[in-house]
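Note sheet for the following structure.
Labels A, B, C, D, E and F are assigned to the chains in the order they are written; within every chain, residues are numbered from 1.
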Amino acid sequence: MPHNNLPDLMVRPLVEAALREDLGRAGDITTNAIIPADTIWQAKLNTRQAGIVAGLDAARLAFHLFDAGVIFTPLKQDGDKIQAGDCLARVEGPARSLLSAERAALNFLCHLSGIATETHKFVEAVKPHATQICCTRKTTPNLRVIEKYAVKCGGGHNHRFGLDDAILIKDNHIAVAGGVRPAIEAVRKAIGHLVKVEIEVDTLAQLDEVLALLPTAPVDSVLLDNMDAATLKLAVEKVAGRVATNASGGVTLQTVNAIAATGVTRISVGHITHSAAILDIGLDI
Amino acid sequence: MPHNNLPDLMVRPLVEAALREDLGRAGDITTNAIIPADTIWQAKLNTRQAGIVAGLDAARLAFHLFDAGVIFTPLKQDGDKIQAGDCLARVEGPARSLLSAERAALNFLCHLSGIATETHKFVEAVKPHATQICCTRKTTPNLRVIEKYAVKCGGGHNHRFGLDDAILIKDNHIAVAGGVRPAIEAVRKAIGHLVKVEIEVDTLAQLDEVLALLPTAPVDSVLLDNMDAATLKLAVEKVAGRVATNASGGVTLQTVNAIAATGVTRISVGHITHSAAILDIGLDI
Amino acid sequence: MPHNNLPDLMVRPLVEAALREDLGRAGDITTNAIIPADTIWQAKLNTRQAGIVAGLDAARLAFHLFDAGVIFTPLKQDGDKIQAGDCLARVEGPARSLLSAERAALNFLCHLSGIATETHKFVEAVKPHATQICCTRKTTPNLRVIEKYAVKCGGGHNHRFGLDDAILIKDNHIAVAGGVRPAIEAVRKAIGHLVKVEIEVDTLAQLDEVLALLPTAPVDSVLLDNMDAATLKLAVEKVAGRVATNASGGVTLQTVNAIAATGVTRISVGHITHSAAILDIGLDI
Amino acid sequence: MPHNNLPDLMVRPLVEAALREDLGRAGDITTNAIIPADTIWQAKLNTRQAGIVAGLDAARLAFHLFDAGVIFTPLKQDGDKIQAGDCLARVEGPARSLLSAERAALNFLCHLSGIATETHKFVEAVKPHATQICCTRKTTPNLRVIEKYAVKCGGGHNHRFGLDDAILIKDNHIAVAGGVRPAIEAVRKAIGHLVKVEIEVDTLAQLDEVLALLPTAPVDSVLLDNMDAATLKLAVEKVAGRVATNASGGVTLQTVNAIAATGVTRISVGHITHSAAILDIGLDI
Amino acid sequence: MPHNNLPDLMVRPLVEAALREDLGRAGDITTNAIIPADTIWQAKLNTRQAGIVAGLDAARLAFHLFDAGVIFTPLKQDGDKIQAGDCLARVEGPARSLLSAERAALNFLCHLSGIATETHKFVEAVKPHATQICCTRKTTPNLRVIEKYAVKCGGGHNHRFGLDDAILIKDNHIAVAGGVRPAIEAVRKAIGHLVKVEIEVDTLAQLDEVLALLPTAPVDSVLLDNMDAATLKLAVEKVAGRVATNASGGVTLQTVNAIAATGVTRISVGHITHSAAILDIGLDI
Amino acid sequence: MPHNNLPDLMVRPLVEAALREDLGRAGDITTNAIIPADTIWQAKLNTRQAGIVAGLDAARLAFHLFDAGVIFTPLKQDGDKIQAGDCLARVEGPARSLLSAERAALNFLCHLSGIATETHKFVEAVKPHATQICCTRKTTPNLRVIEKYAVKCGGGHNHRFGLDDAILIKDNHIAVAGGVRPAIEAVRKAIGHLVKVEIEVDTLAQLDEVLALLPTAPVDSVLLDNMDAATLKLAVEKVAGRVATNASGGVTLQTVNAIAATGVTRISVGHITHSAAILDIGLDI
């Protein structure tokens, strides 16, 4: 699996903050009152639902940051397909540590696996088409790094990570610039040579404006926004492979295959990051 | 409305981090390339879906932290019921600032309004029963403060905010303690006098053990975990109002009314924080 | 001992900041100039005064965060009664590390042991009464977590940790609400079911108002503020065990036994956190 | 008054952290439940004890950081002598803001005024001698900046702020170096030309060793540690004004005048920062 | 000027940290001792050298973050060509604030203007060729955001901002992958559609391997590393405009024009960020 | 070597931030796409230029903070004189970790070694005079701690670390104070006894004013600002060893020996921190 490559350095601050959020100012007062410090447990992270796992590193970090003595043994890897009842990892150590870090660990694991699972449903739904499923910047505040990672675990692809790593010219930009051509010209002057450009078009007429500027304009992809399948098909034909095509706008599991059938290169789905339900995973002693 | 009482001080770090997450290392390169610095816009935050709004302060902070010169005029208040098409706020200022902060503002507003809306559905679903809908600690990492706030905006109530502000004795605690009585005794010795105690019981037999210790045991609430409606009804009858009752475990919109009908005081629903879809709100120029 | 249960995760940021505060921008320039890097020392943390020890974990962290190679062997546990001359811990490692981290370690250990010791004096002073000694929110800025922990090491109990984990209705709240009853009603609507309520009363008449609302009002404790012993006694009799009683206001070691003799459940003492002298502990090579 | 010169930039992080510590994850739930958002109050910071005020800026920042709309009007300045009943500042604004920020504001103001007041007692106690009262590095963790400031408000002087801004050669340094001379030589090679040097001597013999190296050795001050008054007097005579003299070791209000009478330039008193009781100041509506 | 578009939000943490670094634990003790708090000054930021200005916003923030009452009036804009003696900005406010923030303000302004000026020298040196001057990731630790901005102020262009916003396949990557083709294939599978790819080639043979994969391989630019001008010329001819070309490796002001004459699209110059001398700018009262 | 004494605690935050700056939101996407996770490398940090090494600890931390499993074996020590081709350290571990942390490690090592090397050139240039080379506060924002350390590695000495650890009375201070004497008097009242005083004089007349106040005035050093060599010589003769002398103002490698020949104790050189070019060091696999 190529997915588990987010260095701990990038995940640790999020997990540490989540532990602090849960421990508050007095720590796990229930556990500390009842469980002796020397009770050792072996526990398992078991999934109650089928799906795609993501976030095992975050779960591991939650236990380790609370107590470096906890032994976390993953039995699955991020990106693996899992079935209800599967054990994802063994966790062994002081019962106090397992209980105190449990919720933080699970909140990451369930949330990220939920995103990976929902992404994977879209990836499956477009088959047999080769269309890629992309995420958007509609992510949960401050979790973009790990949510985009979870999308990849689910078989999806990443769109921009922020406002700064690629150009996306939207309708308002075009309106202020006074048209497609001046917008693209303004961008051409500003950007470095390793920055790609996507431009949103809402109509076939607007698409024609963009295509007329090719091949010299710095446009790598057109975002075909809120077009119905018939229009998308025409758009794809007009583009004729000269740039990438990316369909977006209210895509659902019900509509995504029809969109893929139009031949677009990619489909952007906000739903997979902003509205995925969690995958139900628990810690069993 | 009693809801908009989270001081900016508590929300600001989250919003500032979210802006930085989106701006990355180069800022909004598209907008800066195309939109002149002196273009001023009037925009509106409009909802495309009906629901309950939550997070207007976070949205305001997103614009203000990016540019203190943006004027944000809320037309609704957190907790308000909104209809598709409603304008939630007017936002006026430099077009660059509106575009650069838009996504961060919306990601908060859509996420929190989604939680408030989902909570409200459960609140409505239990009617005509007086049962309260409670959230859990199954929240998105590092957003607990504002997600619990959104639950209140939706008419729900808050369970514990963390491991430290109330006691919740779970099955594992009881097992290690060697029974209900020793678990409660251990807790009694440890806690301050302003800390409440809830104890999870999975069976009526276990409930009997707890009730036998009343009224002297420090138990304020019993968490009736994963009981079917018939068992819950019996449990409520056994408790007979001596302590609060709280039903939990896989509650859905389909099952919640039947659970409420058993007479439990509260129902804990993880779904409203961990699996609510966003409410679709956009910025229209 | 039930006291040493603050996870390192919660104490580490405080200790790391304290080390940085002492090291400044150039580190321990005296030690680095004079002491060779390879000089190894065995040192002891010895107390020069009798009292109750608290903060051994913070002391350990001070040495470990500066140099993970230092071996810290505690000979006492937090909460232990110690005599002048007692060795609390052995510390072994590079002389440079011991000297550079010494002051940060001692500042925590002396401060927290001072609080534990002062608390213990009050705990002893109320004997033979069973009255509990409570701390307040009058703590040193940004040290509340560890100061409240030190109070427990000294045999005391914790009052609220902040404005958010319990309700405390004070005179000003009552005045604005328009009386005891509306204040309590307002609170009842707002709080979750795991939040306790204490209400401050300054007079017996006010106490009567509160008691008249029992048993249905959500009141768990009355804070009897600034009453003399005679009045307190009357108050306790009026309450008759229906809710907890908590005496507060200028309590000293001289007055605390008489207050305890009135039969109050608890006595809140700001002094133990805001005005305790340190316990004199030093590092001897 | 020359004292109120700590820029807000340096105090703000401490105050902001203290507010967050008190607000926790839900804010001031009592106040928000009872006090309407539009209730405006005029309140006063009144002292119940005589002393020296310090920390008005921190108190102001506590209110302002919580709510920029609060108007804080100081009637005294840091360093002023105040009498019981004196009003130190007027605070006007939303009642909610005043109540929510009150404790954080007071915890700073009472703590720092306590230090200033205790310092001032020592300053008065040495009269008519010109001896300066100095603080030490025995400060409350993470509050050194403002505690050293409070010492100055009380008429005291600051010793080192950390391990890095001056040399202090202690007994252990001398022991490892193999004597006074090699210790001083090691320091001479290491330090910049704007770093002063103090050396601790425990005996007159050791003092003689230091004095024998003058005037070429880089020694600006001798710390006369744990000497009785008679020995101190001899030491001061030996030094004969060639370097500064600084007496330290268990100094109390009872002993300080006798020490001053020996003619030492300065007396270091750990007590004023590590064991000062607060000054009792309250917020009256 | 299109350059001054880094939002304050992104620069503020750097400036605030720099102020704290300079103020240390006691602030500007010289100024506070000598300058009365009510002395108001008008000062000017004057350059002693000709060059390109960059960093006026950072300078403004330094004064404003120290004292919001300082009035900073820029007379030049970032990117402007300035002559020795030019006034860049007027700064008016309390003398204490001007002196305390001066060094932090100047350290940013001189450093960034130094980079802009050095960049501009390279930009001028390649004329009349249209070759772009690019920066690298060889930036000063933690200042990349503002240093890359300064490069743009000087007329240069930005290469990657980090390891994550574009692909750069280097010699070691190719070696491990087992050749150019497998390296490119591995990348193709991994990246999102808005990520560009540059590949380093050290020889013409390696270049041929890359070119043989066009036009289907995802390669947007070839980095011609450490080639002499003659080889570069051949390389550019081989590429024949199919992808961008970028020359790198020990480029100096002496060699850059000859490199530009080979027809490469871009030249990467580490020197402009890692070794530029400051531009000498001072604050004159 | 006495130089490698900056504790990791003080360097770690800088290195961790630099790694995060380079990793951005997606990490090293090139390396993760191409290099297998189990590829282990042995690499060497080799210098391509002669000079003085500084920053090996920062380089080590860069690799270790990214991956604790990397083995870093230094072959040189900070402060060592190195020749082109010298290996400074061996680095062994996962190829991914080496490549991902390489740039952060090198940016510190090259920058600090550049400063040490440039400092050393000045140190050599003043020979055979004993004059010390000092740095200034003209350092790169937020790197002062490690840049001042690098100056020491190069054989230089440190001037003030900030505005707070020594007094430096400048021309503007004197002007506002109304002369040298009142400025010094104001300082005398304000400072602690372990704070040194340097005063800037621009003319011999001003120097005379200062000297006239000796030996009772608290002046430890005079900063002879922007004087030519002849004037400096006269100044040094006037001072006659009563206080230290420090020449400053536009000092270059060309002029520094002549300045040293005047007999000044120290020469302050801003250039060594604000304008040193890097030392070219690379990682070779």
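Note that a residue touches a chain if its C-beta (ideal position, glycine included) is under 8 Å from a C-beta of that chain, and two chains touch if they have at least 3 such contacts.
From a predicted model like this one, the values you see are computed outputs, not experimental measurements.
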{"item": "Shortest path length from subunit A to subunit E (each step joins two touching chains)", "value": "1"}
{"item": "Touching both subunit B and subunit E (chains)", "value": "A, C, D, F"}
{"item": "Most distant chain from subunit C, judged by the mean position of its C-alpha atoms", "value": "E"}
{"item": "Copies subunit E and subunit D - interface residue numbers shared by over half, same or different", "value": "different"}
{"item": "Copy-to-copy rotation for subunit A and subunit F - C-alpha atoms, rounded to a multiple of 5°", "value": "120"}
{"item": "Candidate from B-E, B-F or B-C with the same interface as A-E, over half of contact pairs in common", "value": "B-C"}
{"item": "Whole-Å gap between the CA centroids of subunit E and subunit F", "value": "23"}
{"item": "Centroid distance [mean C-alpha coordinates] between subunit F and subunit D, Å", "value": "31"}
{"item": "Junction residues of subunit A - those touching two or more other chains", "value": "2, 21, 23-27, 32-33, 100, 144-145, 158, 161-162, 164-165, 189-190, 195"}
{"item": "Category of the chain touch graph - line, ring, star, complete, other", "value": "complete"}
{"item": "Touching residues on subunit F, where the partner in the complex is subunit C", "value": "2, 5-7, 9-10, 144-145, 148, 158, 161-162, 165"}
{"item": "Partner subunit A, residues of subunit D touching it in the complex", "value": "21, 24-25"}
{"item": "Subunit A residues within the subunit B interface of the complex", "value": "14-15, 17-18, 21-36, 39, 95, 99-100, 103-104, 106-108, 110-111, 114, 137-145, 161-165, 167-170, 172-173, 175-177, 183, 186-187, 189-191, 195, 271, 274-278, 285"}
{"item": "Sites on subunit D touched by subunit B in the complex", "value": "16, 19-20, 23-27, 32-33, 37, 65-67, 96, 100"}
{"item": "Partner subunit D, residues of subunit F touching it in the complex", "value": "2, 132, 134, 157-161, 164-166, 189-190, 192-196, 198, 220-221, 244, 246, 265-266"}
